[in-house]
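Two complexes come next, and they have one chain in common, subunit A, joined by subunit B in the first and subunit C in the second.
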Partner chain A sequence: MSCGTAAEIQNAQGESVLMTKKPKYDRSNVCVKCKENTGNIVIRHVVYCKSCFDPFVKHRFKKGLEPFINISGQKKAVLKPWGNLTIGFSGGLGSTVLLDLITRCYYSSEEVDEKKGNNPRNDGIWKKVTVCYVEVSEVYSKMPGRTAEVRQFIQDSYPTFEFVPVRLSNAFDKRWWERISGGPLTKSDFAMRLDPDLAFKLLDDSSSTPLESLQAYFRSLPTQTAVHSSIQTLIRVLLLHIARSKNSSHLLLGTSLTSLAISLISGISQGGGYNIREEAQEDWTPSLTSGDGKERAVRLVRPLRDVGVKECGTYAWWRGLKVLGKAKWPGGRQSIGGLTKEFILGLEKGYPSTVSTITRTCAKLVSKDELVGICSICQRPVQGGLDTWKSQISIRSLAEVTPARLAQDPPSNSLISLLCYSCQGTLTSRSSKTISTAESEVMVTLPVWTQAKLVDRERMKGEIQDFLIDGGNE
Partner chain B sequence: MTATKSVRVEFGGGLELLFSNQKSHKVEIPNKTFDDKPTDMNYLILWLKKNLLREREELFLDNNTVRPGILVLINDTDWELEGEGDYIVENNDEIVFISTLHGG
Partner chain C sequence: MAPKLCALCEKSRAILKRPKTGQQICKECFFYVFETEVHNTITQAQLFKPGDRVAIGASGGKDSTVLAYVMKTLNERYDYGIHLYLLSIDEGITGYRDDSLETVKRNQQQYSMPLKILSYNDLYGWTMDAVVAQIGKKNNCTFCGVFRRQALDRGAAVLNVDHIVTGHNADDIAETVLMNIMRGDIARLGRCTSICTQGEDTIKRSKPFKYTYEKEIVMYAYFKKLDYFSTECIYSPDAYRGHARAFLKDLEAARPSAIIDIIHSGEAFAVKEEVKAAQKAQQTCKRCGYMSSNELCKACSLLEGLERGVAAVGITDRARKKMDAEGPAPEGLRTIPYFQMPAGPGPSTTIQIDTS
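Let's look at the complex of A and B:
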């Protein structure tokens, strides 16, 4: 028997009676805030009227953003970020609502303190705002590009914000990288083979264009889940690099409570449990291990993480916001992300509070393993003791499970030690249906930031080469 | 008493693409169902499927009601406050369906 739905049940006498439907709200249909107006919307069993709904959303948004504006230790009454602001815009509902709220709360005369006049806190907290859109259509040959449409929308609706379009192929574009980060790369490309060792080498012939490299990379990925997960990773890292190049202290994304719950569950099911805290919020510096401490971290915040998709949709409708819509990626429904989305949306419809329970529970999780570096692809923490742990959980043939084999380090030309568990799984977990062995033999060009890491590593190796003791002479 | 009632139906959040790319529709639906019950939201949803929906039914319907992720407002009020599918549709009601499935 299901809860809260009308259903035929039998009473003690065996007669069929109709079970009454339980209302979706707790007490009466009067707004819990003003306690006067009849409610217009139910948010996780609580009723709000239209007038109280707007301040409710703004309050939730500010609560999800303002505690993270100052670097820790600073007084919270004064909001003083050290840099500019970059907003990731997908065209979707969440980022549309985010742009509107940022404008209303910090860049308009609407927020007036009734007692003190115009609130100085809201006089443009960040000096400069950049809106960045990442074009993903290059991955799919038949998908039309939307950069022009998004550019027009931003220019018309938010003329004071700078619009910066980025293409997903920029992740493989050396000229873009050198412009954005200033870090030199080798003339040839570093490429990897998507085998269990993830062997890499410097290619002799690097004549492929960034677009060709991008398409080859995605063609070689073993599953649809890996394709979608990699798109999301590349978008996030591109946005972080753009934020850094714009001297931004904060990168904001329009991830709603519902989307965050989907990302969390989907991330865990793809082996990203160690990075669960970063899924909600992260402080990112280009290289944590070799950083000299001078580089300031870009803080990625998701201010709508307490605002569900229902609130976002209703807010956008009542505010009359134009939602361009996010590009739909082919094959999305069968990926882990797509299936998780379907599950969470269904859960939210029947049991809306459970979705916020997911995010609140994940926020409490702490990993016991120490951090040993930053993943060269997704730029998130890598846990220590990964090899030992993997050897304990993997199902292997008896020949493989010898002490000698387990004690072996991965080959020196392997990317394994530079990647987190989730990225290793994304690149190597094969489905029996989706890829042929021949495709896994192809060398694919690495994203530019991964190449930069390898260049850095090779340079460091060269510097300390003379001081290394040969293992054979010990 | 007329045999039909007039209802304004609006689609938002990309849902209009399934309904001839038209956001607002003025429709006439019967006052009573075939078993002589007053027409409710459950009836209207199936009526829309039969008469206005042009493509990809699965993006609008799931188990004979709107699929998860679609918000319904009846005269600017969340349909969860009005009894959802059991709400008896009145003459000149304004019903809004908003898709939130566009992502973040």
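Let's look at the complex of A and C:
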């Protein structure tokens, strides 16, 4: 016996016995823009037809990008970035749509103004475009690499753009670092112990390959949440360094409205509230000065932050775009990021305005406390007083109760003071099921940019050594 | 295998794993750190001064029962010099609140604290049973929440206290941060992580359990064998908040620090000044004198809807317009008595206390 489709389930008179489906639109099914055509898509209660949908997405995309192209922040008729463009490409829907929109809006003859003739923007706002793909398969032993596939896709679809593949293990590769940033590193490696103090030291023997260092680093992380957050952080910082090395003024990511809402809630759930603005957009200044002696910030923009995943999917479908698909990381459902994604996507079905409300609400927030530096791992601002706050809210040792202990600084060989709250949590916060502390005894090599920071500090300390009393414990 | 020793005293056998820190500790050390952390929260925020009259919002549930016990303990141990009262609100939910109030009455005897019970029926002329009978189970939490906030302030005015402490715990605050972001309630988001809130026209309120995990409150009540009532409200189908709560529990299971991390996030950001400037200024309700964002406060608006048979008036704009079209409120409409702040603390003030 067949279950039958809804249309087949009829009574003896041939009438459907099922409840009529609720219409997908609220009032009218006519396109809200042209007010003529029957709509083809409903976006948060608003109906659009296919021909109006395309300009709608392009408008949203440009609105999310163009005000941030001129670094001064002033609105100008001429868009004039100071450098090139780097696009982070994951193979996913968002970055595929982003590449297509960048090409259509700024590098094709499609955008012709009927009154003014050819749009000067068609020559390309940025002189050179680099597409960068970060290979993450090294973290998981059974995950196949996709660099060749992505390279082929970019070369076929966007032949004028330069393709730059990066491996996650480059984050532990000194030769790569010296080539990219020119920053000096010691021959030995700086490594840390993943205990509450995050003590670091210079290893006597550091013969590990970058891949071994990467795998040891991820093996030592205490939770799946930490693994996923660290992959995201390493990807972002690697992309920023690539952007800088390519003399790019802008790094664009294909984060959609839905993905942004997920990362905002996920970031907040991991203590990243202080960096909530950076989650949407950030200006990253490398710690090392560029060749001409000027510090130039790379601006990370997410131009699809007003375009939801549904709109991206529809756009890609109607445009016939080939989507390679983003690599799925194992263990996602046990991580805060994975749980947040599941929660937001589920909520979006019943409450379609939620994702937009989340991003709009977060856009109204600013960091409250004093900034004391830049996190040595994620390169985002660090707020002051973290140690005192932590000691006040939870007692971890009976000695901590004394006011003198509360006011004490962490030891000078601790990474704590160089990390933001979120990164501290990533490295030290354990799951409720973790009992063993054996892994925390292992020393793991630090990412190259963190090592560069420590080398910098050691050099500074060397310069002032003669004036420090008792070794200058901070 | 030798028993695991307490990570704090390193002498006694560890019998629990603290959800907040992951440390395995003994019972005595757990009591000590639990109480000391609440004391630290109180002293860091300078919540009380000697002579303060403080009402504990008591529902008979685990949070307020533990709060009453801990407040009494700390007041004696650290000599805060404050006068503690129990203040309960009877929403009029048969089979739920009447039972939980019995627990509060036992707590009154156990902790030797004066108790005042105020009912929605006395304050508003409506019990929640009657409200639900009129509006149904959907959205009834809106009525209850709005009425309770006012009721606590009115109860505090009756007790002539200058401070209300509530048993909101870290899980509640984390959940509220997430809820306010998801609902876009920027005004509440800006203040929901504050340990203490006080406006010109409101009584000071604070949350000494702000950094205390719900699980640890249950542990404390369990090991101290405290008498509390643990049943969910029979009218609580707030689906949206339910989603948020379930999500938070999932996050906590993935990484227990998530709760404190969300609170840390909530404390680290603030609402932009230009957004604050565009928000409605607070005013006084022209009908009942309670603080309000509009001419009529939310409680008066909801009550008028109930009285005039348009219960959805506080929920939807359409219902509000429908009622406005029917003309102004009729004469003789039952309204909430005018609210007045307590005249000021003083031992000479006489109040009627329930002793039953």
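As a working rule, the second predicted complex is superposed on the first by the 424 of 474 C-alpha atoms of A that agree within 3 Å, B and C clash if a C-alpha of one lies under 4 Å from a C-alpha of the other, contacts with A are read in each partner's own complex, and residues count from 1 in each chain.
As a working rule, a residue touches a chain if its C-beta (ideal position, glycine included) is under 8 Å from a C-beta of that chain, and two chains touch if they have at least 3 such contacts.
Note that this is a predicted model, so its numbers are computed, not measured.
Novice: Does the superposition put A:Gly313 against subunit B (first), subunit C (second), both, or neither?
Specialist: In the superposition, A:Gly313 contacts subunit B only.
Novice: Give one of first, second, both or neither to describe whether A:Gly94 is in contact with subunit B, with subunit C, with both, or with none.
Specialist: Only subunit B; A:Gly94 stays clear of subunit C.
Novice: When the two structures are overlaid on chain A, which partner does A:Pro447 contact: first (subunit B), second (subunit C), both, or neither?
Specialist: neither
Novice: Have a look at where A:Pro303 lands relative to subunit B and subunit C in the superposition and call it first, second, both or neither.
Specialist: neither
Novice: Tell me which of subunit B and subunit C touches more residues of subunit A.
Specialist: C
Novice: Touching A:Lys24, do we find subunit B (first), subunit C (second), both, or neither?
Specialist: first
Novice: Quick one: is A:Val47 in contact with subunit B, with subunit C, with both, or with neither? Answer first, second, both or neither.
Specialist: After superposition on chain A, A:Val47 lies in contact with subunit B alone.
Novice: Overlap of the subunit B and subunit C footprints on subunit A, residue-wise?
Specialist: The overlap between the subunit B and subunit C interfaces on subunit A comprises residues 346.
Novice: Which subunit B residues qualify as touching subunit A in the complex?
Specialist: Touch residues, subunit B against subunit A: 12-14, 68-69, 71, 73, 76-78, 80-81, 83-84, 86, 96, 98-104.
Novice: Which bits of subunit A are touching subunit C when the two form their complex?
Specialist: 223-225, 264-265, 267-274, 276, 334-336, 339-340, 343, 346-347, 351, 354, 357-358, 360-362, 364-369, 383, 389, 392-398, 401, 421-422, 425, 429-432, 434
Novice: Considering the complex alone, what residue numbers of subunit A touch subunit B?
Specialist: 6, 21, 23-25, 29, 38-42, 47, 50, 90-95, 253-256, 258-259, 304, 309-310, 312-314, 316-317, 323, 325-326, 342, 345-346, 348-349
Novice: Quick one: which bits of subunit C touch subunit A in the complex? Just the residue numbers, please.
Specialist: Per the stated touch rule, the residues are 8-9, 17, 19-23, 29, 33, 36-37, 40-41, 44, 177-178, 180-184, 186, 189, 211, 240, 243, 247, 250-258, 260-262, 264-272, 275.
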